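Below you'll find the structure I mean.
All chains are identified by letter, namely A, B, C and D, in their written order; residue positions are counted from 1 within each chain.
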């Protein structure tokens, strides 16, 4: 079965980095299928993503790290790699709204999202059958003010047990603790139902309606300790008119939310998103 | 020469208003070319816009008010009318950025904006030749902290003398005083170079870049005392990527700004925009 | 339970039509919630859509026709009405692609589509469980060249038996006979996976790719005898790049198709779409 | 004064090409500012664009070709390079419509288009003052059926004399002969006022209106012998409704046309567009 290798590299910018890395790949008979580079404007950080054909590449999986180490050390590189025949493991957290979960599961079935989904976790029981009808185990962890810390611990245990790489908040209506966020740095994707930084916080469609905006939006971003302020991965909008009630905004917003979240998740799963301070580099 | 009559009406909502107004028009042999209605969700205010063929309509210009008065009184209507052979008179205020001014003047020449433009006013001398090359008188009123009040007075005098109906702030970089704003209620259109309410205030493109947004926008709104908080007429966006620098955002933003402003101005000139509290009704 | 009444009218344009109809409604104590009018540019046909509050309206359901008849006759009106407490009955025809069906059923469950769905019909057995999981009966009518006429007869029988108002072709891959089309004039909505009139016919994404377009689209239209040439209800697009393969276009296209079809179906169900020759009037 | 070097390469795909080229640049102390690669799906052609910092690069302008030749020969590369301190020379051809010309000249003045514009040529005298007000010489070459060949010869002479790199057809309403087209292969950019391949040929807005489309578009493409069939560089659209007349489509279309053309021209001037058969690779 054919597969590709994805290599992500970041390091302080200097001359010769592309040559050094591509030379390393060529030396090991690698066929580069696509290559993207970017140097952060403010950070002067060099970012690179390579997709290499697995077949014919001269380094075995357990050999790559040792072989690449000297180069990485020399240029102070942070790097990671993934193999397309080993999909990432993605957990989905939901509450009661089902549109984002349904859309992700449908796209997953349709082959649009290359991932394993070992579990769905929710603080409400409502979406059990939705998850299970796609063959995904569902865990109900109700949250009250008193049990919140304990249930987060249980969530972390479940995620760890399931060896999860990515956590998707598909309209999960609980704020996660710093401890939880730090457990999955740049690996928790949230969908916010507004065009951030407009309408940070609760009830954005109501506030959008009251402000009389003519466009609503949705924002997919990595979760950081600072609520709704993490690095933005993707945004899109829909036009609205004075005739649209708050309910209409919610309805039209659902359409934008599920599209924006699905694109962001797909890009993450394909290792296309890198974080540069509080901004993202998206190698589409 | 053929012309149309535009009638705008607003009043507390009740049964029979469309019938009452359309019956009045029919009684005077009016041919309604287009009719739009809307009832404000929160305000329960009825809004109506009629466009009536001038030819064949049985009421002369100086007769309409008297004939319509009983109906208006009965339903507590606020109303206004305009004749398409008497274009509105529009002043444009600018500073140094020329893209919005240039675009408005080009569209005006192309017949897209049905208005007279008796004057352009600026706090800088730079755009004199641009205005004058389109045959529009240019007034340079430099503003310092000390002269601001005085120069605003001069502006008001010029606008009044020119019998101006509409003031367009085409990237005019001075904040107008409450006195000025109250002189032209719902008749000052500003273009803000962000997707309001995101990035209220100064330097929105820099702040959008720093926040790492993936979409920038522009907002045309009526000016009220409360900076950047007036009723929104139109908004649109452009997608950006991590590769776009602040300068790129400025460049791409210019494209959105001039388009959004031009559409808002056109709709105002065609009497398509009504104000419902802090929201607008736009009968496109 | 509260409900509204929707009245659609079309007739040769003349003066006084709005007054006549709105006067009729007012006379019977009707409260008009929204009113839209349009006069066909080429056809000089007057189109009107009224939404009237059910409560307080003075005509019972079985009285309206008789009461409205003199007015209709006088102005040569074609008209129809519907009550929002009696949703339309919609059949969905599919083949193997599931994205449009899934999306319609999800939106239906979410309350976005006010309809009854008495049946799904397919020429393949694949989507039975999808339909049935939403509680919708599924009929498998396999079609071969030899059985096509017979199976269409069976379809018509099923549709008639189920008292269907609207037939939605959700990527149904069979061409319908003129007889079938004539049985549901302006009541069969198809989704074509291109931006019509570009790429009429088969395999549009392959042809779009070969042509090197930078934007793909989808078109929802009423089905007429003339393949892919019926009145267009809605269109939208997605941007693509040289990196997108045919498979990518198919994937991105699915997103546009389901959105465009869902909006068109919603507008039809809300009596917002009227046909003016080969064009549609959409009172959004 | 700082400048960059842009290197474009295309050749049959094989392993090691990125390494070979980037190694060559590194060997000569070049700092790669951005790098883009793509392998044509059908053509198996490798395309590469490098932007290299001029300062510090070890090869003088007259040395590069000789130094790069062995590598180019080895891999059968076609290649070209440009220096950002030597802008391309762009001629604009127009007829009577002024919106595209005006927009290009305004953007040029604003610094958005890095080019020299030695001349504007038109078959009508109308736009002389527009060109000249921007300091660009204007040549009026009226065309009749009889003089067409002769005037094309004169155009080619003027373009050659002005050492033109790029010819922009800014709504130039004459069809160019194959001889003319072959003189500037992949260097004539046309704006077509439809969403190609819909409405190839004359009067697309009228035909779009008659077809009742809900979206209109514009297409910028390279001109080939085959009318409206050359490689597409960029496309965009605007939504329209049943209310929009043909004149409205023309007005809204102008907005799309000038934007699409300006983006395509900018990308060409920045060496971002490569041709892969009848498709373009656009390294945005």
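Note that a residue touches a chain if its C-beta (ideal position, glycine included) is under 8 Å from a C-beta of that chain, and two chains touch if they have at least 3 such contacts.
Please read all numbers here as calculations on a predicted model, not as lab measurements.
**Q** Looking at chain pairs B-C and A-C, which one is connected by more C-beta pairs in contact?
**A** More C-beta contacts join the chains of B-C.
**Q** Going by average Cα coordinates, which chain is farthest removed from chain D?
**A** Following the centroid criterion, the farthest chain would be C.
**Q** At what distance in angstrom does the C-alpha mean of chain C lie from that of chain A?
**A** 37
**Q** Counting in whole Å, what is the centre-to-centre distance of chain A and chain B, each centre being its mean C-alpha position?
**A** Taking the average C-alpha coordinate of chain A and of chain B, the gap between them is 42 Å.
**Q** Quick one: which residues in chain A touch 2 or more of the other chains?
**A** 38, 243, 284
**Q** Can you name the residues of chain A that touch chain C in the complex?
**A** 98-99, 102, 106, 110, 112, 133, 243, 251, 254-255, 259, 284
**Q** Which stretch or stretches of chain D touch chain A in the complex?
**A** That would be residues 15-16, 18-20, 22-23, 25-26, 29-39 of chain D.
**Q** Using the touch rule from the top, collect the residues of chain A that touch chain B in their complex.
**A** The contact residues of chain A facing chain B are 38, 41, 195-199, 210-215, 217, 231-237, 241-243, 245, 276, 278-282, 284.
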